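Labels run A, B and C following the written order; every chain starts at residue 1.
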Amino acid sequence: MNEPVFVIPLWADLIAVGLGGIQGALFASGFRGDRRLDFLGVAIIGIVVGMGGGLIRDLLLNVTPTTLQSNWYLLTATGAALVGMLLAGVFQRVNAVILGLDALVIGMFGAFGTSKALVVGLPPVPAIFVGVCAAVGGGILRDVIMGLPVAIMHVGSLYAVAAGVGCLVLAATHALGVDIVVASIIGIVVTTVIRLLAVIFDISLPEQRALYRRKVAVETTAIPIIKP
Amino acid sequence: MNEPVFVIPLWADLIAVGLGGIQGALFASGFRGDRRLDFLGVAIIGIVVGMGGGLIRDLLLNVTPTTLQSNWYLLTATGAALVGMLLAGVFQRVNAVILGLDALVIGMFGAFGTSKALVVGLPPVPAIFVGVCAAVGGGILRDVIMGLPVAIMHVGSLYAVAAGVGCLVLAATHALGVDIVVASIIGIVVTTVIRLLAVIFDISLPEQRALYRRKVAVETTAIPIIKP
Amino acid sequence: MNEPVFVIPLWADLIAVGLGGIQGALFASGFRGDRRLDFLGVAIIGIVVGMGGGLIRDLLLNVTPTTLQSNWYLLTATGAALVGMLLAGVFQRVNAVILGLDALVIGMFGAFGTSKALVVGLPPVPAIFVGVCAAVGGGILRDVIMGLPVAIMHVGSLYAVAAGVGCLVLAATHALGVDIVVASIIGIVVTTVIRLLAVIFDISLPEQRALYRRKVAVETTAIPIIKP
């Protein structure tokens, strides 16, 4: 399967990878005690967050990973992780920087994922799915490798929703005839804004609920209730 | 690598995905306290369980994931997860439904995995392996994403064994000249029955044992004994 | 993407898979109590450690996994895991055997990964990355599936560094015109020696540090400090 001329310019891709690398390093450098990471661990997390989204996207599309076709991706992700690590003290005082960075990175990975999937010929629903996986995949890999609870699975995130709405808007505007580059920019903006608003106003999804009384149901079920 | 005309009809594939989605949602809705999931989390688990097996199969075969070639897979998995969530109270009273559903899903994913692998040209042993990975892969992904111990790794499961025997019977009957569709149906029945018998009669594999006294060996080893 | 005539002979590949399988089984058989594994669990870990590196390599390169093209890989990994399990009592007394085996396995997977990536046409930096992923990937999968902290992420490993330096030397000597087979052997030796020296002399990387006082930075950050 050879993809035709594709739309993501190298510089845009490298910006996403670099921002992801910085974000990953900032995250990783917040750990102490038994979970503290050495230089290498921080670099690995930077690479995972910076490159994970693109790798997952290309695995799902069954195309050769773009991030491995050039030396620049790994050099950018590693360099960004080192910068992030050294400047962690500064950035962590400016919490808004971390959150803004994170929102932008999700938006970019999501938009690149969905637009590449559309160009490769996927129908809109799986194209949106690929975008969401690309947006949140780096974070999931990061959490799994660090042995943390996967952030997007727990109440209060709106993380994947922000990515999903941005990718949906991208696919919809593109279906309406808007150029894929313009549609991608719209998608990035939508995701970033939703994510930032969700953080600022502390919005979260309602907890799941069933049509029947849960207390009784749970007490009679054989499915184990796992306690941490 | 282009696969030739392949045998799994869309409706059969969608049934497996839908049953997987319901099963995933029932599982996810059993969680409380710190581990409770929001709507989105339950939908994600439904998608992971419903589509994970097919994705892992196609990644291992290096073919473009079938589940991303049509809008129906994601819509089915998501819809099934929502149904499963809303009806969790009902289904959980009927524990046999959950277990039966689970056994059937393992059987279908295993049979589809092995038959697709055989059609694509893999030798029998890796074809059986792909089937087992497809059968248990969704559950492994689910456990990893939810931060649970991976169920198939611990004493008392017989989960992977049921899948393995079904896939083995499928590959063997196909090698003997039986049509792949008939062989697949036999494989599904074998896996489902073994799994149900294992649950009903509480069968498990013997614990591992070494040729030498373990107590002494363990006390003199440098391999860390991890305590939970 | 069809790879041209490739360099890894089957016997060399099977030796790496078999040693990985033994190493995985020795590791898995060290567990007791709630984490004890049954026969199947030990076999799974053997397969994961023995075949995980090759699978990850081929997924990243987007080529059909070599380990699934022949019956021998799975038979070797499973057989090696059973041998490892039965002889665990003997091997665990000779701790040096486990460590030496492990160092050799990392070296082989790393060298096979980087050399295959170079033959397939990747630039040197991603080729080294693929080698490191192949070398440490099996161990990461093992830890994730067993619910353990991922070993390479924590202070004191030098695991990935050993693999990285070996793969770097391989890529550099190959770039200087050395035959890929010779370069691979050099790479294996370099990785194995570094890993063994790191264990013998208990070398580790310095902990990460920032340019600014960390204590203050941490206290003012909003990034959660996770406690185990």
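Observations
Here, contacts are C-beta pairs under 8 Å (C-beta built on N, C-alpha and C of every residue); 3 or more make two chains touch, one makes a residue touch a chain.
What you see is a predicted model, and the numbers here were worked out from it, not measured in a lab.
Of all residue numbers used at the contact between chain B and chain C, under half are used by both chains, marking a mostly different-residue interface.
The copies chain A and chain B differ by a rotation of 120 degrees on their C-alpha atoms, rounded to the nearest 5.
Centre-to-centre, using mean CA coordinates, chain B is 26 Å away from chain C. Each of residues 59, 62, 144 in chain C touches at least two other chains. On the side of chain B, the complex with chain C involves touching residues 1, 59-62, 117, 122-126, 129-130, 140, 144, 149-150, 152-157, 160-161, 204-208, 210-214, 216-218, 220-228. The part of chain C that touches chain B in the complex is made up of residues 26-42, 44-45, 55, 58-59, 62-65, 67-71, 73-75, 85-90, 92-93, 95, 98, 144-148.
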